[in-house]
Amino acid sequence: MKRVGIVDTTFARYDMARAAMDELKQLCNVKFERRTVPGIKDLPVESKVLLEGGCDIVIVFGMPGAKPIDKQCAHEASSGLINAQLFTNKHVIEVFVFEDEAHNEKELADLADRRAREHARNVYRLLFKPEELTKLAGTGQREGTPDAGPLRR
Amino acid sequence: MKRVGIVDTTFARYDMARAAMDELKQLCNVKFERRTVPGIKDLPVESKVLLEGGCDIVIVFGMPGAKPIDKQCAHEASSGLINAQLFTNKHVIEVFVFEDEAHNEKELADLADRRAREHARNVYRLLFKPEELTKLAGTGQREGTPDAGPLRR
Amino acid sequence: MKRVGIVDTTFARYDMARAAMDELKQLCNVKFERRTVPGIKDLPVESKVLLEGGCDIVIVFGMPGAKPIDKQCAHEASSGLINAQLFTNKHVIEVFVFEDEAHNEKELADLADRRAREHARNVYRLLFKPEELTKLAGTGQREGTPDAGPLRR
Amino acid sequence: MKRVGIVDTTFARYDMARAAMDELKQLCNVKFERRTVPGIKDLPVESKVLLEGGCDIVIVFGMPGAKPIDKQCAHEASSGLINAQLFTNKHVIEVFVFEDEAHNEKELADLADRRAREHARNVYRLLFKPEELTKLAGTGQREGTPDAGPLRR
Amino acid sequence: MKRVGIVDTTFARYDMARAAMDELKQLCNVKFERRTVPGIKDLPVESKVLLEGGCDIVIVFGMPGAKPIDKQCAHEASSGLINAQLFTNKHVIEVFVFEDEAHNEKELADLADRRAREHARNVYRLLFKPEELTKLAGTGQREGTPDAGPLRR
């Protein structure tokens, strides 16, 4: 059975991991290994440990704030996550929701829930149906917001 | 036969991979291995896996948005792609088209198509005709837009 | 007995390491290894040396200034700390307090003390009670400032 | 005989490689290995391949545009070039001329020619006369523009 | 006898290396290995070569200009220096003086001289008296400018 690592933070304000696991369970039968760390900069090493411990893929969840320093932290986390992937040759799907992507708390929670679920579907495809991703290549898919769609010529 | 890895995203709004493969087929006989990932930050590890799996070169395609955070994502992806190359000693040709490079969807699609095709020619040259690249050294070549040409003195 | 590395700087204006060690001693019985370096850019290598020398986790403390160049130094230090973790597969908990996070010296000292102590509790949980972190996943925890709490829908 | 790697781009608008090789030939007897790649982000891996293939040093030439995204590309290329050096323990001398460093095409071409030649002299010194560099330490040398000179007290 | 690597640039406008070596000689008996490179982006690999060649620590000296592109170069150099440390598990003490830190050339030279000397003392402490650094932890030490001191509560 495929093993899916789940890493989230105590900093985020919505339990995206639960939403993603709920979605994945409806799509396939996988084994979860869940870890929680304080903040997004703690995600890279935890992801690497899970991948080297046998997980086939990892999904990470984070909710950076709206200030410039938060964008910088997200940049550091994302760069570290890419390095974790390069060290292990496995994917880490990053689900980040920035606080300034929504106008109020309800919108932000809804966005976080949808993005987590739609990225769970990406994880499912990467593990079991890569050909579905290629069918969607260049079609303007978005996670949590309406798809942009292919360019109209 | 040379093997060319192709990695694109479901996020992009134009099928640049198809354009590039079409162009390459007119230039040479190579074997393609195509993978599609959700977004540009997923390109580095997929490229590394293909290069270590026997591809001689990889072309990646992405279409980052126009917001500052999109530029940051592109920066993270590009840095990861450079690392993937340094780890494998092979080239990854990055074909990124930024949404703010064109004024409307048609222009953007046309730009994406041309850039994909012109970079396909770069891949052909890197694989089979490196001396053609040296003939073009310092001549202000551009991909998808008119060449800047050599400086006039 | 678990070994906890402590690395701080002579640049910072508050002894956060002492506060964190005081807090940790009230929570558990661990062995400390403390090192002090000049500035935050010296933290990554010192952390790596401690982790490779047997520490199970490291906490680092820094107090970057308020100018853009200080933010850049913090960025370099944070990136290096993430790399140190990826090289060792162990956590480094980063406790940084930016000078512009408070309005006066007393507020800044209080913030630094609280953040150091709250991150000490994160270290305790990572070492001994990871399930407590998962209970707090997505609940908007903050270190040194009031918790943001989960999103209200 | 020392081997000097030369890597330039088809993107640049001046043949800086030729200028540098011409200058080096007047200073010493070395063997050149020249490669041309499409853009500056392709320089790091090509440099690493040359260094691992026996070159003692590499000079790279690039001419980034004047837009913010061009500065970002230059940043990615420079970071990759530093990594290529760290992986091989050999120098890569980076000769970049930014389009906004000059007021017109003639000035830009002249600047590019001078900078390429002056950096060729740096390569000569690194290979054969390191003590000449130490004599110039802290004296405000510039490549392609007038030297700033040592600080006047 | 401890070996101290010294790497500086021909770009800088003050001989900080000489000031630092003069200061260190008054504090302890060490063997110096000095190298000079063109600019700050050449410092990382030279530092790594010295550290792997037996130096116990390296001090590097640089004087970046005041323009945004100079800050970017400094960022690239600093990141590379942190990587050089992570690869070797030894310290590189970075002594950078930015041109916009002073109002005139005399002030800048004085600042550079003082900063070089004060960081030489940091090198001395890291090599021989680490406990002195811990006594100074969190006390707001500055190099080349007046100490900020500990926070007043």
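Per-chain numbering from 1; labels A, B, C, D and E assigned in written order.
The working rule: contacts are C-beta pairs under 8 Å (C-beta built on N, C-alpha and C of every residue); 3 or more make two chains touch, one makes a residue touch a chain.
Bear in mind that the values here come from a model prediction, so they are computed numbers and not experimental data.
Contact with subunit B and subunit C alike is made by A.
Taking only C-alpha atoms, you rotate subunit A by 145 degrees to land it on subunit D; that is to the nearest 5. Centres computed as Cα averages put subunit C at a distance of 25 Å from subunit E.
Centre-to-centre, using mean CA coordinates, subunit C is 40 Å away from subunit D.
Residue numbers of subunit E whose C-beta contacts span two or more other chains: 75, 79, 83. Following the touch contacts around the ring from subunit A toward subunit B yields the chain order A, B, D, E, C. The part of subunit D that touches subunit E in the complex is made up of residues 71, 74-75, 78-79, 81-83, 85-86, 89-94, 98, 119, 122, 126, 130, 133-134, 136-143, 148-153. Across the complex, subunit D is touched by residues 8-18, 34-38, 41-42, 44-46, 48-49, 52, 61, 68-69, 72-73, 75-77, 79-80, 83-84, 87, 105-106, 108-110, 112 of subunit E.
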